[in-house]
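Following: one structure in structure tokens, then a few remarks.
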């Protein structure tokens, strides 16, 4: 039985720019993928809508609608916690909701924000809650439906200014086969049209780097698209490669 | 065609304690494995032989013989550069010899010492030369027989006092199926009998840690044996796991 | 007048595996030792009891009873805050209770968890509260009985996966004379029988490392048992050694 | 039998500013102290003499004479390798000479420069050679008179711009009882008169910090003088304090 | 129009010791400078007053009065949040008050504590709130009077024990022209008379370091006074210098 | 008198991709700019020429010619040391040649490679020699024509895979006004045509980041082009900004 993918992000758009390649790869393999958006990013990530004069509820509705479309393009489920952003408040209740998602999804792989971001405090807050909930879900003594979780690996996706966030990729994921799907998902977010090319360029850049680290047989040199990740826990394997 | 494994170590015994699990796994899969010992460890790693009054040549012969036996148990080729130890001298000539080995073996995976070790300067020296030679071998303009090398991943094997060497494992290799072979290889080095149990205990300890990081399905809880490694370059992959 | 030892741990069992050598050494010298367990570890560290079908209260009672026995073996006082675990909640009230303990015990030495542990959020939480309370207890203006605290040194004891917790020992404590006492204390925790040998092996391993760092006269080579610590603040001394 | 102190410094003046408190404490306890100056600092540390128009030999003679006087004040032996400075060349020959000093002095404690200093490449070069020689001297197979060395602890003394050299003190040495001796030793170097007050102020500053880390009983608050050090290897001890 | 300077400190005295040179430089240029003291430092930084038997309200009044005098000497505005210290509680309300200050002052430069200080938890708490408020104030969607903030650079001022706080200065500010003003400001705090000389000596020390990093023309060698800072975000410039 | 810019690079092409914006800005201000290429990059950076069957001398001639054209476009002087690459050998002679350049150019600003690059050992070798020569050139006692050097700031330019080289930019240089000149300079290197767009995209990416860190007035949002640098020594200044 194929494993599931769980993506926990602070705002409605994060998973699209940073992890939709990984999501599309998973669903293309027939795996379940679920995205949890802790907030809509209604205050901190919706500058254009505020400048256009929309009200808070309209902005939340807009962001929800865009993210839902993007998830549909990717073949992923999506759930919105509507916990508020700027700041995203950390609480035992939110963490408990995440524990329940872990127990339900039983993810084989978890994606979330890296734990440092001096430009956006919601990202580390989401990361801390995602990691804490994962540990709590592992305990048989934690009261929540479902079985205790195993130890799914956690990967941090790429922040906007990686070096300032101590983000040093230790994994480059080849998303070439699904890059057009990622592009389509990005185009579901028209208010951030300037990001479409920005993250396309980034995929090219990470693709070049992937080719430079691609192992003994360096065949492809053009056209590779990649996403960068940081693996948190040690990889466990039976084969070095 | 399966890839080859290249192991570059400072002294004759290093590969046995630190990497023979990985070697045995590779040869069990039918892959070529080659070990290069830059020195015999005749001065720095042969205290008992010196105390027993052996002469330098006798010690080198003894170490060569033991390491050759261990390699045979593991099904690996072995080559001795006899460059001297304590200190292992770094030189362009030694690096060039390593380039030629890289071009010949065309390794899919490279193992060597980590770059820091305050207890033994030969280990970082070996590491630096192994890494420099790998880069040189990649250049079509470097004059040596064979084709330019690809970009085989490099893994650092575990030093004796890992925390003091900034060794933070990011990969745990399951060597359970071949642990008895590793034990046999260790027993080819009778002068360091106290190390047999020491590295057996370490394999148990790393095995416990492997189980704690083993992914979504935590089945095994006893009997796992593991070796710890640090992957130097970003992993490249098409599947997050 | 000999100083006191204060040990602050997240769960009921932590002090046994990680610091009972230091405790036994202190009580053997006639010093007071006090252990504070912020929780019983009833949810996160009692998997077997949950699998055996015990109720929450039964588990807390069991853990309390075991830890009390272990403390008795070590000659230490023990106090349980019963603050809950998984998660251990951080609060001003808990910190205030710790301040009062500091003012009462007037410790010469403080032991607690290191501040990072991606496998268990309760450990860093306990560490943060232990350190914050120590600073507050130093202020004459903080309202609590007793005199302002001096500046007792703090040592972090060893986590389960040291490298993943950024734990780089800078002190190795020779616990050879009291190792049998530590073993007895561990045997007070029968539900974690597999840990007895695990932490015995660790004491051997740290003992080997102690011998390799033991100063100008390297006499002993077998039988040394040690615990590893990280000293947080600079050592102050009148003699370099 | 009290242990010996070995100080290895790049230039003739380094030991005076950075470590003469530790030296004076050792000799006051009746211990042997030996200083090795790898160079006279004739090119890089003698700006005034060059501006005064002295010739190279005159400068070397002057520096030798001043350092000899300072060592005499401290009660320490001193040996000059005259290896040249700016740059201090690293070589197997220099390291071998240091090995012979280690084997002769059998130090209980070793002091040298920290391994990073972007302002002065001779300091890291001296540090690397001091550390390599210590390891070589430990090997019974290394050909040099005397017995194999034990594992004397190494302490790095304070560079001129500590934060830029990654120098984070983990030991503060109380030199109050011998501070006047240190001042006298400094005054043996008249060409660097501005340093006398500079390093007196530093001793005050480190003294204030010592008091803030002084353990459970914070008695003294004025008059303490201290030197800062970084301990390289883990401390080994039978008592936490 | 010249920019404004905003200084956010945990206690009433912090800005005087650590940043009054920068403040005096700004006001001497005719710029607005505003200091926010989150607490009076009434419990943790007023040991003498407590020993003298003053009541809490008297101490707060005293500290307010002293800090107000120092701000007047510097030509700066000052505002007291009276949020309490030891511990300084972190809360959404405090952060929101800071957001309003940011929106009002529209600072061109922000100064606050560095994010680590094992000796005083209030300093990191102030730092975290200052940084979070800055990010929130940038969002058009955050409800507070005024325009969204730009991206003013943030500089951390120097803690008491810099190396223990991971404080590695990357900017040395020449405060020679206003040093006498800083001294006067310090003398507004008579209860901490011993700090006057301590921070004068520090200004000399940082001044010596400034001269050693002063660029292509090293003219001055005496009399320079400096304050050390850490710039948090990348400098943006049109000229390398 | 405006200061000079000195750029020290390992291979003939490095300065074009990584620093030609800074060079063009300097020459546009009427400042002298000098580039030193330690080698032509004939073995390690000329894969296409080797595949095309050129001989070593032809390749060196080609690289020299291209780099000379690029320097001419930028208005910079260029000097080739022809020291060989892959590996670039470190030697006292090369360092001495660099000292003489420093003494001649009297740079106000120095640019070179960062000290870590696991993909190319020549880059760190060039960096080490550039930094060592700078320190030697400062010493009045070092025998070379010219006056002792001051303390020009050093900036590391961006490597190809920044995160893997521990390259964390702390300065973003706005090169918008000269970007077309940089593009022209890049187009002087036709064999690496794929790099033209790659480094154009990078300039856009660093430009976006510059805008996000641009201080209190965030005006521009499109069209900014930037180069990223790491400042090695503390900035010295009289104004915080």
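Each chain carries a letter (A, B, C, D, E and F) given by its place in the written order, and its residues are counted from 1.
We take it that contacts are C-beta pairs under 8 Å (C-beta built on N, C-alpha and C of every residue); 3 or more make two chains touch, one makes a residue touch a chain.
None of these values were measured; they are calculated from a predicted model.
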item: Intersection of the contact lists for chain E and chain F; value: A, D
item: Graph distance between chain C and chain F, where chains that touch are linked; value: 2
item: Repeated interface matching E-F, over half of the contact pairs identical, chosen among B-C, C-D or D-F; value: C-D
item: Equivalent interface positions on chain C and chain D, same or different at half; value: same
item: Between chain A and its twin chain D, rotation from the CA superposition, multiple of 5 degrees; value: 180
item: Centre distance in Å when chain B and chain F are each reduced to the mean of their C-alpha atoms; value: 37
item: Two or more partner chains touched - positions in chain E; value: 119, 164, 169, 209, 212, 233-234
item: Arrangement of touching chains [line / ring / star / complete / other]; value: other
item: Every chain pair meeting the contact rule; value: A-B, A-C, A-E, A-F, B-C, B-D, B-F, C-D, C-E, D-E, D-F, E-F
item: Chain C contact footprint on chain A (complex, rising order); value: 92, 95, 131-132, 135-136, 139-142, 232-234
item: Chain A-facing residues of chain B, complex; value: 3, 5, 22, 25-26, 29, 106-109, 111, 149-153, 155, 169-174, 209-210, 212-218, 228-229, 231, 233-241
item: In the complex, chain D residues that touch chain E; value: 119, 160-164, 166-169, 194, 198, 201-202, 204-205, 208-209, 212, 222
item: Contact set on chain E toward chain C in their complex; value: 42-44, 46-47, 50-51, 56, 59, 86-87, 89, 118-121, 164
